[in-house]
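First the structure, in the form of structure tokens, and then the observations on it.
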Amino acid sequence: MTARFVRTQKELEGRYEDVWVLVDEADDVETWAPDADLALVGRPAPRQDGAARAAGRVRFTVDVHLAGMLHAAVLRSPVAHGRVRSLDLEAALAVTGVRAAIGPESELSLTTRAPLLAAEPAYAGQPIAVVAADTPEAARAGLDALALDLEVLPHVVDPQQALNEQRFTADPSDDARGDAEAALAVADVRVELSLDTPAHVQTPLEPHAAVASWDGDQLTAWVSTQGMFSAREELATAFGLRKDDVRVRTEFVGGGFGAKQGAGFEGLAAAELSRATGRPVRLVNDRHAEQLDGGRRAATRQTVRLGARRDGTITAIDADAVIAMGQGGWVMPVLIPARTLYHCADVRALTFPVKINLRAQNAFRAPGVMEGTAAFEQAIDELALALDLDPLELRRRNHTDVDQVSGLPYSSKHLLACYDRAAELAGWAGREELRASRGDGLLRGMGCATQIWWGGGGPPSHATVRLDADGHAHVVTGIQDIGTGTFTGAQIVAAEELGLPLDHVRVTGGDTGPNVYGPLAGGSQTTPSVMPAVRSASAKVRKILLQLAGDVFEIAAGDLEISNGRIRSRDGAIDAAVTEVTDKLGNATIDGSGSRGPNPEGFVVNTFGCQIAQIAVDPGLGEVRVERIVAVHDVGRIVNPLTASSQVEGGVLQGMAFALSEELVVDPTTGVPVNAHLDDYKIPTIADVPEIVIDFPHVPDANLPNVGSKGLGEPPIVPTAAAIANAFAHATGRRAAGLPLTRARVLEALA
Amino acid sequence: MSSYARPASVDEALELLGHEGAVVLAGGTDLAGQIDRGITTPALLVDLQDAGLGGVSADGDGVRIGATVTLAELARTDLLTPYAAVVTAAALAASPLLRNQGTVGGNLCQHTRCWYYRGEEWQCWLGGGDTCFAQIGDHRKHGLEEGDCISAHPSDLAPALAACGATIVVRSADGERELPLLGLYRRPTDENRSLVTLAVGEMVVAARLPAPPDASVYLRTGERRTFSFPLVSVAAARRGDALTLAAAGVANIPRALDPAEPLAGLPGHPQSAWKRTVLETLVERASQAVQG
Amino acid sequence: MTITLEVNGQRHVVDATGRRLLAVLRDDLELLGTKLACGEGACGACAVLLDGRPVNSCLLLAEAAAGHEIVTIEGLSTGRASALQDAFVAEDALQCGFCTPGQVVSATALLEQTPGPTREQIHEAMAGNLCRCGAYPKIERAILRAAGDA
């Protein structure tokens, strides 16, 4: 390895930071040609661990049982804003089986920027105290014994009220270019749309969870997280430990969807209690706690004003968004769609992140952009209506190959092909005939929406590969497979590069122990970040293997190739199993390590797509049924079409639910969410599934070296709600005042 | 922590019910939630599974349904096929897993649905407190009647049985009484917040259906295609020219509707008034469906 | 109360006082395949077979389960269930896998009752098993595949 440090930019969801990256100048992997005939990459493959998952044999964090393990229970605020008057920790400790009890005034061994426990909770569900006991029953009894006395303080949960009172979590931002106001004033055609989008809860079936265990000053923590290296960092910092004295394990995660970042409250509290008691501690959110405190996509109120020329050219975009942030959190890029979807020189985008007494917003699959698209793409359809233009045609006319914010070209963009393909698959040409009555009393319509998102990945990201005497390769990654199938993607890429059959390659991850770094499972970055590293590592092993084969067969390594576990010479004289070379290894292994190189400069790497929804509305009941969703996404090279289509189906279903039924509702009187349980927060069942038709342009991104893949985790959720809302407007001629399209909203729109 | 008993007969069950804090346990699908949310704190759970309350049998021109018959069994019992509304209601309630556990008696006696009533953070009027939080807060899924409690009763089976003319058989240590199905329910009052007319020591042992109607239907709309409490549902049954209607989701107990004026007494509240439109639609469709 | 439970063909004596079947299965019998995801009967991740029919073990009192035949995902490892599991893997009817044991339990019971189900029947029978990752389209395909291969 010829190691060098280079300075490059790392991008995550549109946020850029400068980083040093370790590159190997000896890494000479050639980018796969777009039409390369690959044996495994691009072909459907079942998940590496599928059988174990289907048999219920995999162990999630909630399944970790250690000897002597204590059970933690959390006392959470029952009010939206309060002040703790008294908390009887002594009484809790006196309960049989309780081994530790901590509250806001307790002296903790860890240090965090913000207090772990709240003396003045600012949202319902905020942790006030934690008890650890021998059994879950004893822990609950310990909670009861705390006899919490809380002074109730005033709360604000209405975003409009927060706006009026200028309560912000961060400064309002004004992202402008040109002069939108002036352009709007002189536009031939103007439309304006105001919409509400709902608070949307990730609701992973495995709640946030952690099990912490100390061995002297060494900490092992199982955390249901999407970011085990962030978790390691947080735990090391909190407890003043060396990073290599902290091991985070997260081999299997029962869904995350953005909610599970770092160590979480669970990881920190479990580690604290474990240190205090000298025993392992398990802390798992019950479902109510998960829905209150696991996180959510913030509700927004958005207003979009568009101006255009008669020929369909958009000339002005003026958008604002009030985001109901909660107590803090990242201000998600709600207005990125307004700023970048289409070509426009005069744009204004005002964001107001308001502070209310709810948990801080966190990430939920394509945060900001999804809810921004839900509003903006509806405004575009209103513009199409005002211009009497086909909605897809309007979008085509305002297409741009250049990122509108930076002015840089996109590394690849096959959006126009996505529009055409989606239109073809959906029968877009027959859209008007669809509205004709079929005698079933239902109103039908079809609507489209454009998807934009990031997904270029980047360094740092590493992998190691070891090939043994049996010709079996072990790939070690630093990634978390939260259901995305990325372990299997890595398996495919490694097997391809090594020339081995798929089942001769095993991929592990979800453990910081080996200290092979991978990015968090978020921002659609795993595939584009990790596959190149895996391929590079595999390429090195392949090179060495061929050199050794050359020694064994007394032929130049350059005359040999490997595929499907066999080594062949170009003249066909040699055709041997890989093991004929590797069995001479004995207990040694051929090793290689690889890393993701820097991102190409001078480009913006985005993903694009188009979805078209066909719906039927029962006007007598206010019921919307989604009959069909066509989804076409440009994400570069697809490594595993089987898991790729699963990602699309998953994103579409979550987007559909956002459009139809999901909404975290907050009681105005007390400021406490009323449906933080699954009985009143309805996620789709199998009976709600529409027909989902999926396709991809399958064009590798030529500017992303090595593999040419972009990420797919988030793109599919981005346009679905907008497409459904646009289909609703097409079917009924009316637009609802917001999402979700509940009975009440639909009936109101139709009245 | 509750004690547990599994009596081998109805008499034994009734005897146990006489104990302080004793509560009937059938499928437990609603009771479990009540216990977990602190709505009910039983001292003793009287498990009815072996008390001989199962079975669906012919009963003169009609049918007798034991209180512990599960919804799933009900939906697949041939004897009940002529009562289409009842079969549909049983087949559409809840989820397949819940239908395998939930019973007729349990479904009828389940507590009402209101996220304030069911939520641990509120002690609402129905739960013994002073305030109906729904009326001053978010009541988008709630009932249409006026009164102290505007929750929406979720039983699918109740309106279907009521429309088909069912009666309820109630037994206590003192004997048995039979009453029309809707007589099982009462309006909660300041003195007594219970939604059922059962006295302490009484339990439902059966539902009885008379001869089947000429036609019946059960229509509902929920928050998703299936596995949802009925936001609004209507059961309709026709005997000759006479139409009987009952509804769920529009009041804090299951309710009869006057075919001449189905919306009478159901003015709605600002956020739940949309249910009136849906109710009208379902009444129209149900009425049409049972006409010849 | 100490009771005897019959689980996957084996008898176990457990202290069940006030506890739900799910807790006994996971904490006492170390049968970790059945999951606690909501605790309120809303998601089906806790599904087990009780006398051959799928029920929510998070709601079922362990004491009430005594005297019945309980089968968990661990007990479904041969015959029809195994073919079903193969179909799940082949069709990618799972993503994170947390809901999968419950899905397999309900699907096993469905195919037992109805060897050749229609799509409608699949939707009806599987509606109590939520999947947040959205594997539904492929769960349907897997069940149809397993039914077809039977």
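Per-chain residue numbering starts at 1, and chain names A, B and C are given in the order in which the chains are listed.
Keep this in mind: contacts are C-beta pairs under 8 Å (C-beta built on N, C-alpha and C of every residue); 3 or more make two chains touch, one makes a residue touch a chain.
Note that this is a predicted model, so its numbers are computed, not measured.
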Next item on the list: Could you find the two chains linked by the most C-beta contact pairs?
Entry: A-C
Item checked: Maximum centroid distance from chain B, chain identifier (CA atoms) -> A
Margin query: Measuring centre to centre with CA averages, how many angstrom lie between chain A and chain B?
Written below: 42
Next item on the list: Would you kindly tell me how far, in whole Å, the mean C-alpha position of chain C lies from that of chain B?
Entry: 28
Note to self: Residues touching two or more other chains, restricted to chain C: which are they?
What the structure shows: 39-40, 123-124, 126-129
Next item on the list: Mind pulling the residue numbers of chain B that touch at least two other chains?
Entry: 33, 225-227
Notebook entry, point to check: Which chain A residues touch at least two other chains?
Noted result: 677, 679, 684-685, 687
Notebook entry, point to check: Mind pulling up the chain B residues that touch chain A in the complex?
Noted result: 33, 115-116, 118-122, 133, 136-138, 140-141, 221, 223-228, 231, 271, 274-275, 277-278, 280-282, 284-285
Checklist line | chain C to chain B touching residues, read off their complex | finding: 1, 17-18, 20, 39-41, 44, 47, 50, 53-56, 58-61, 63-64, 106, 123-129
Next item on the list: Name, in rising order, each residue of chain A that touches chain C in their complex.
Entry: 46-47, 49-51, 53-60, 62-63, 65, 136, 203-207, 252-255, 257, 286-287, 482-485, 642-643, 645-646, 649-654, 677-679, 683-687, 689, 692
Checklist line | chain B-facing residues of chain A, complex | finding: 78-79, 124, 288, 620-623, 625, 660-661, 665-670, 672, 674-675, 677, 679-680, 682, 684-685, 687-688, 742-744, 747-748
Item checked: Touch list for chain B against partner chain C, complex -> 1-4, 6, 25, 28-29, 32-33, 36, 45, 47, 49, 72, 91, 94-98, 100-101, 225-227
